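Common to both upcoming complexes is chain A, partnered first by chain B, then by chain C.
Up next, the complex of A and B:
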């Protein structure tokens, strides 16, 4: 599991860092932690565009997004 | 899959409302302009003395308060700050300078296009080029650093100031300047402007509407979500202007515009690159500021200061064209912005 902590980083950094991790893996899990709903939505849209499964858990004021990429 | 109703609704509403605001009294192709309206507010408060551009524009108050209320209701109101605040203030000033050389923020650029002003095409070219440069910096790892939680009172300062400005607009005390002629003397009825602003602010908060984001995300990750917002804005603006008889195709005799193509291009290039470095267009900065983002509040204050400086130092263009000082400023500030883009890589 790769962890990407992008709390406090503005748009579009959370998306760029998650995309970089997705591009570098063929299968596996990424945990992206964001601290605002706009970043959460952006990362979710990215994950869906990659055809990945995504699980969202609120954690206080943050969101923990678990993205699962499977080999196609 | 990328398509979403709220961003289309925001763009479409913005186009329609802006065209009607012109009909109701705002200057031509200037139903909404974040740069011009902040500039008018700077004039109204006496920060600059350009007699033709002084008015307390209620659209700005409406947009910030609309975003504040929408964020509050959605439990998204959250004061944050501390990410390169001073740098953001400065980039806000840069962005305003570029916008005042072109004569419009990205929203007005789209609205000028919707009104048939072909000079805006050069603006769009410059804006997209500036965003492209910004994307190169993002790919190289550019960031302005992390923000953190800020005390609650930080987030309500700007909305409170907006309420105060609204009271000043209603009370019209002698120390507030109101233009007697020029664009500052042209305005829609206060309540209509304010309500239009509230609607735009609320919708833009919900949809995350952003014109820099629209082009940036398209180039960076092929995501057209926000780009559709820009398209909806241009389409609805054009249709409404045609309907109201406000569509005049051509380069010459366009309202509050000049035909210096190079400077239209370079002015908006500066706005584009600053927008990527700041994480959003001027409208988006107003929305984020309404959500309690102190860093964006400083961008807004920087734009206000930049507008005052631009008029005091004769950097702002007029329908006759750009000034020599304005041309020097755009080149110098572009170089500074590029330097910031290359240098800033906080973890």
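Up next, the complex of A and C:
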């Protein structure tokens, strides 16, 4: 699994880094960790636009977003 | 220490342009704790969260006062100056007033950035103020790590001709004069994902004054107006609906948008301010199920130097729109109407 820790980084960086990882993979899992609700919402929109499954787990102030990409 | 002669100005901005505004919810909590001074000369003050304050000098003349400033929205300093000034002047135009005098408010790191950058910002602002027919008379500059720029504007108007956000009436039609999506496209620019054409289009829109739209709305005669900035289309619409004690209905498919903004919104290139706006306003908005999420996001997107939202009696709507289109405000569109219903309630249809 690829881990992308973008805590402390403002929009649009969480989306850019997650998008780059998605563009480079055909299938697999990405864990993106963000520290604010706007980044969580933005990464969720990105994952849906890519047709991926996404699981969101709150972790204290942070959110852990597990994105699953399957080969189409 | 060596100074940077050029830089990516927007790298200094945590949030861009009007998206940098403190959220409406927090701002109201703060302002509720600060006593407001009542004054018989104040025709428009803070209570309705209007665009500018209006102070009556006599029956024939009132002063209209406003201030806006923010971190860089674009990397070119001259363009940033123009946008910041156009954005500040917009509050004057939204009241149907005429700008007279402007002063600059500046934060700038002169120790680390070339002052040529600041010269270009100030030139951009001064040129835009001149285009508005007003005069830049001075300002105040503070040494700070991050650049910010804005303008204080004093305008004048006849008290009877002031257009507030409180006069919308049931049956009025609603017209928006510029497309939405500046916040989302600026975010896409920061991400390096905006194409050259959309960049040009959004910059042209942000540097454009609301002067012509304001003049036409005065000629035609309208009931209410406001300009769309940091609280987004729905935030400013809610202020108008609440101040006017009316309900409104919006046809989301008619709202003018920058076309690329929908695609950027779908992949989450949305400024944090849009989520603050949704949190602040969302409870007063009923979306039809057919309105998709990206469209909703556009309606909450914080705008920098956005257009005027005008509430006009139905009999005058066609002529208003025709004049706007003929005189260069080509993107203006009829987007909804004032309806009967609970005051301050917004319904968004497909």
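Simple rule for what comes next: the second predicted complex is superposed on the first by the 72 of 72 C-alpha atoms of A that agree within 3 Å, B and C clash if a C-alpha of one lies under 4 Å from a C-alpha of the other, contacts with A are read in each partner's own complex, and residues count from 1 in each chain.
To be clear about the criterion, contacts are C-beta pairs under 8 Å (C-beta built on N, C-alpha and C of every residue); 3 or more make two chains touch, one makes a residue touch a chain.
This is a predicted model, so every value here is computed, not measured.
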item: Superposed partners chain B and chain C on chain A - clash or fit; value: clash
item: Which of chain B and chain C A:51 touches, first, second, both or neither; value: neither
item: Which of chain B and chain C A:60 touches, first, second, both or neither; value: neither
item: More chain A residues in contact - chain B or chain C; value: B
item: Touching partner for A:43 - first (chain B), second (chain C), both, neither; value: second
item: Which superposed partner A:10 touches (first chain B, second chain C, both, neither); value: both
item: Identified clashing stretch of chain B versus chain C [57-65, 75-83 or 147-155]; value: 57-65
item: Contacts on chain A seen with chain B and repeated with chain C across the two complexes; value: 10-12, 15-16, 19, 36-38, 41, 45-46, 49
item: List of chain C residues in touch with chain A within their complex; value: 14-15, 187-188, 190-193, 265-272, 274-275, 293-294
item: Touching residues on chain A, where the partner in the complex is chain C; value: 10-12, 15-16, 19, 36-38, 41-46, 49
item: In the complex, chain B residues that touch chain A; value: 1-2, 74, 76, 78, 80, 83, 138-139, 143-144, 146-149, 208, 213, 216-217, 220-223, 225, 279-280, 295
item: Contact footprint of chain B on chain A as seen in their complex; value: 7-13, 15-16, 19, 35-38, 41, 45-46, 48-49, 61
